[in-house]
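One chain, chain A, links the two complexes that follow: it is found with chain B in the first and with chain C in the second.
After this line comes the complex of A and B, so read on.
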C-alpha cells in the first residue's frame, strides 16, 4: 500500500520540479530585467510582451501536439502566413465579410496540416522531410496568391480589432487587455483540456510513446496522426489571423523563422522531442521565457543581432538542464 | 478439457524469400494449456501472429468455436476474444497501467471525445484486485518491473474477455517466484475455461504447466502429444529431428591456474555491495542469483559501462583503471550483454562489420580499411563458430538469435579478448543452438580463455560452471565448486538477504 503512495508522489514531484524550474527561470529573468531597467516592469511594456507572445505562443501550443507524437512541423511559420494571405484574399480582394475571411484562414491552416499529416501517415515520409516540403510549398503559394505584395485590410475596419481590440475592456472598463492576449490564453486552456481529457490527447501521447503498441491495440494510428497535424494547422491559422490583424495586413514574405522560435518555446517548456510526454503549460512558460528575453534584451539596448545569440544559448542550456533532470529520474 | 476453441488447418504463409509455414495445423480446446514448441525459425510465432491478426494467412482455414472465420487485423482477433502477449511487450511506456489496459476503448464522459479518467482507474483497480495483483493503476508503465509489466499485459487481455490467450516466452524475464505467480494466474484462467497457448524454450516449465504439447519444425507441423506422456529428450528430438546428448561438462582442471581477473571490494550504491572474487585462466565461473541480484551490474562495472563508487580491479596481477569500455577492451575484457539486440549488435549492418567493429584499428592503415583482411578474418570466425548465414553481407537482424549471439562472440574473439563475460548467453535461443554455444564456451575455456557466465537458468549454471558465485541484492552470498553446486544450495544463497 505504501508503495503505491510513494510512486504517485514521486511522479508528481518530478513533473512539478520541471515546471517549477521553468517558471522559476521566468521569474528570475523578469526580476533581473526589472532591476536592470526601470522601463521593463511598466504596464505598457508588460502588455507589449504578452502581445508579442500571443502569436508565437499560439503557434507553439499548436505544435506541441505534433512534437508529443515524436514528430516535428517545420511548416508552421509559413502556414501561418498562408492562412493570413487566404484571409486577405477573401476579405480584401473578394470583399467577403470578415467572419468568412477568418473562417477561410482557419480552414486553410487546418487543410495544410491535414495534408502534412497525410503525407507523413500514408506515404510514411519522415515528418522533418514532409513538413520541410510543405514549408516551401506554402511559402511559395503565399507569394503567388498575393502577387508578392502585402494585402491590406484597410477597408475592413473590424479586422484589426480581432487582435488589437479589447472585448474585455468593453465589458470591464480599465481592463484594456488586447483580444489577442485573451485568445491566446483561452486557446492554451482549451489545448490543455484537449491534451489531457480527450481521446485525441490520449492517443497523442500513446502514439508518441510507442506507435507500434498503439497500432496493435487496435487504434487507427494514421487517422489520429492526420488529426493531430490538422489541429496544429488550425492553430497556425489562428496565429495567422492574429498576426495579420495586428499588422492590419497579410505579409507574404513573413513567417519563415517563426517555426524555430515556436519549437524552441516547446522544448524550453520541457516537452521532449522524442515524444510521449509534454504539457501545454510548459509550452506557454517557454513562450513567455522567449519573449521576456527578447523584450528585456531590447530594452537594455542590446543589438538585435546579439539577441538571437543569447536566445540560442538559452535554448541549449534549457534543453541540457531538462536532459539532466530526466536522467536523474 | 472440452470443446475445441480454435482449429487451424492447412495454414500456409510465405514472406519474401522464406516459406515460413507449410500446411500447418493447430488445435486448442477450452480450459487447456497448450504448449507450442519448436526451434527458432520453426514458425511458432508466425502461426500465432496469424491467429492474432498481426499477419494474414496465404492459405488454409481458421475455425473458431465451430465457425470458420477470417482474422484480417488485430481488432478482429480482439473482437473474437483472442489476445496475444508478445515477448517484447506491447505496452505504451508513458501511459499509466489503467490507461494502457483501456486504450482504444476508454469509457467516455458525456460527450464522446472526453475520457472518463475516474472510471478508467476504478475499473482497472477492480481488475487488478480480482487478479490479486499489487499494482497501482496510476503508475506509469515504464516505471514498473518487467514482471509487473507482464501482469499488466495479462490483465489487459483479461479485461478484453479473452477466451484464447497466447503467451510468447512469458517467463523469459521473470524470477522463480514471479513464475509461480504467473502459473497461479494461468491455472485460474484454465479453470475458467480460457484456452492458453504457451510458447517457451524452457522445457522444464512446459512439463509443469501444460496439458498438451505441439511441436513444429522448419515451418511444418510435427506432432501433438499429451504433456505427461513425453520426456524432455523425446521433445527435443521432435524439435530438432536429431538426438542431442546432454552431459555435464564442468571440470575443476582450472582450479589451480593463475588468476587473470581479480575484483576487490567493488561498490556502487545499493546495486553492488562489497563484491570481491577471482577468475582463473581456463575457468567458467557461473554467476547465479535472482533477477536484480546485481550480476549484470557487476559485469557492467568491471567492463566500464557504469561508474563505481569504490573498488579495485586487477588484470593478470596488475591494477587497472577502467572508466570506460575502451579501457576494459584494451585489457582484454569482452562483454556479451543481456540484450544482444540493443547492446551487442548493429542490426542493420552486416555480419562482417559486426564481427570486426571492435577491432577496426587493426584492419586500417591511416584510417583506410583493408577489406581483404576483414573479409578473411570474418570468414574465419563464421567457420570456426559455425555461424549459419548466407554470407558475410547478410544483415545481422536477419539471423536467428543463436547465430546473432555467435556474431557477438566473434566480435570479441576478433579483438583477442581473454576474459569474456557472458550475460545470459542463451536467452531466447533454441535448444539446438544452445548446445552449440555451450560447446563453444567449453572450447574457449579449454583454450585458456577465462569466462564469467551470468545466467538465471539453473540447469545451465549447474551444467557449465566450474565454480558458482551466488549473489543476492548486490552482495555475494555464496561460492560453490561444481561438485557442491545443487539447485537447492544455489537457491538458498540466492535468497539469503544479509
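After this line comes the complex of A and C, so read on.
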C-alpha cells in the first residue's frame, strides 16, 4: 500500500480522472445552459455566476482542509456570520478603522476554528459533535452580540468596496470584475499552495490517511489538527467579510445552511469524506458546478423546489462516481 | 494534558467574555429579555398553584408572543408595539421567534413550549398557517384564546387577527408599478415564501391586480428567496439576466426587496428597472431617499404588535374582540419617507 500520503499530494495521477470528470461536467452544464437560453453566456451573467460562487467557494476551500483530515466542520456557516458580526461591531459600534474590523473578523473566525480543533484534538470529541455544538454557540452569539439586529456599514464607505469595488477595473479599464471574485480566486490558489507545498499540507494528508501511524512517527497530531481547523475558521472569516461587504450589512440571522452547500461543493469536487486525499481545484470546480447549475436553472425559470432536487441528485452522483473510482483502483 | 484543558477553557471563557462585553456595548435588548424570562418563570409557578377563577388580582397575565423571528427588522418594530401594550395593560409578555422565517419546525416547538406554560392567551404569527392548527386546537380545548398577527391562520380558532390586509397592500403596489412603468412591459416578483399567508397574499394580491387591470403588463417570473438577503440578490440577478427587457421588479418583503435592490445596483440597472419594495429597514429607506428604488409599501408593525397584545389581553379577560383588526398600510417614496406621519412606522 505504501505511501498513501504521497499519492494524495500529487496533483496528477488518478485524481486527474476525477478532476477531468468534474471539469467536463462543468463544461457540459455551461454548454447546455448556453444553448437553452441566449441570456446565459453573457459577460455580465458570467460575472454574476462567479460572484455568487465567491462566498460558498471560500467556505468550501477552507473546509476542504478539514475534510481531508477525515473530519468535518458543521459550524462554518454560522462562524462566517459570527466573523461578520464581529467586524460589524468593531467598525460600526466601536468606530474602528476598516482594516481593524477586517482583521478582527478574520481573527474571530480563526479563533472559533482553533477552539473547535482543540475540542476535537484534546477532548477527543468526534468532529461532527464538536462542530455541531460550535455551530449552535456561534449562531447564538451572533444574535446576542448584534442584539438580533443587522449591523450596517453605511458610515464606513470603504467596507463595501472590499467585495464590490474593482481593483482590477481600476488598473485595466473595462475589466470591472468585483474584488470578491479576485479574492476568492487568490485564496484558492493560496490554499492549493498550502495544501501541496507546506508541512501543514503534508501532515494534513498524513493525518487523514492514517492518524495513528502519523502520531507514531513522532508528529504532533494534535497541534496540526488544531492548526487545520483554525485555518478553516480563517477562511470562514474571509467568507464573512466578503458576504457582509457585499450586503453592506452583517446579518446575524443568516448563515446556517451554508455549511451544507460548502460541503457539497467539496464532495462534488472529488474530495472523499473519509479523508486522506483531495484537491483545492476539485473543490473550486465543485463550487462552480453548483453555482452554474443554480444560475442556469433560475434563468430557465425552473421552480425553486426542483432546483434543490437537481443539486441533491448531482451530489449523490458525484459521491457515487468517487466511490466507483476508488473501488477500481 | 491538564494544562491544555485549562488553556482551552481559558480561551473559550475569554471568547465568551469578549462577546458579552461587546454585546452589552452594542445593545440593551439582551438584559430586557433576560428580565422578562425570569419574571415569567415566577408568574408560571403562580399560575399552576392558583385556581383559574378568572380573578387575576395580584398576578399579571402572561401572554407569549410568537413572531416569525429575527431575520427582519420588521419584527423589532412589532416587538416595540407589543411591549408598549404590555406596559399599558400591565401584563407579562415574552417575545420570541426562530432565527429565520424558513424554520417552521422551530416555531412549532416554541408554540408547544409556550402552551405548556399555561399562558392566559397566545399571540402567534404563523410561518405555516396550516401546520400550527393542531396546536391551536389544543389551545382552544384548554380555554387559551389565540390571537393571530401579521399572518393569519387558516382556521376560525383565533379570536382575532391583527394584520395588514396584504392582498390590498400588494394590489396597491401593483397599481403604483403600473403607473410607474407606463402600463405595459415585463415585471418580475420575488416573494419570501409560499407557505405563510403573507407570502401567498402578497404574491396573489400583486399578480391578480396586474392580471385583472393591466393586461399589457406581463409577469415573467415569480421566485422565492426565503427572505435571505444574499440568496435573493443572486436570485434577482439571475432573473434580470434572463429577462433583459425587464421594466419592473417587486420584492414582497424586506429581505426580498433588499435582494432586488442589490441586484439592480450590481448590474447597474437603476435607471432601467422600477423597483418596488415592501416594509422598511435602513437599506430600503436609504434607497428610497436616493431614488434607487421607486418606493415601497410600509405596514404598521408597531400597531400590529400593539393591537395583537391588546386583543389578547381583552380575550383573556373574557371581553369581546374584533375578529379582524386591519392595521393598515402606506405607500412611501422619496416625497414622504421622512414625513412625521410615517416616521414611527418606518423602522430602521
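Just so it is clear, the second predicted complex is superposed on the first by the 316 of 329 C-alpha atoms of A that agree within 3 Å, B and C clash if a C-alpha of one lies under 4 Å from a C-alpha of the other, contacts with A are read in each partner's own complex, and residues count from 1 in each chain.
The rule is short, and it goes like this: contacts are C-beta pairs under 8 Å (C-beta built on N, C-alpha and C of every residue); 3 or more make two chains touch, one makes a residue touch a chain.
What you see is a predicted model, and the numbers here were worked out from it, not measured in a lab.
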Superposition on chain A - do chain B and chain C clash or fit: fit
C-alpha centroid angle, chain C to chain B via chain A, nearest 10°: 130
Contacts of A:312 with chain B and chain C, given as first, second, both or neither: neither
Partner chain in contact with A:114 - chain B first, chain C second, else both or neither: second
Partner chain(s) touched by A:45 [first = chain B, second = chain C, both, neither]: second
First, second, both or neither for A:24, with chain B first and chain C second: neither
Partner chain in contact with A:97 - chain B first, chain C second, else both or neither: neither
Greater chain A contact set [chain C / chain B]: C
Per-pair minimum CA distance [chain C against chain B, superposed on A] in Å: 15
Chain A residues contacted in one complex by chain B, in the other by chain C: none
Chain A residues within the chain C interface of the complex: 37, 39-40, 42, 44-45, 48, 51-52, 55, 86, 89, 93-94, 111-112, 114-115, 118-119, 122-123, 139, 141, 143-152, 154, 164, 243, 246-249, 251-254, 256, 294-295, 298-301, 304
Contacting residues of chain B [partner chain A, same complex]: 54, 73-75, 78, 89-95, 99, 103-104, 106, 108, 113-115, 117, 134, 136, 138-140, 143
Chain B-facing residues of chain A, complex: 3-4, 7-8, 11, 197-200, 202, 205-206, 208-210, 212-219, 276-277
Of all residues in chain C, those that touch chain A in their complex: 1, 4-5, 7-8, 11-12, 15-16, 19-20, 22-23, 25-30, 69-71, 73, 76, 99-100, 220-221, 223-224, 228-230, 233-235, 237-239, 241-244, 258, 262, 266-267, 281-283, 286
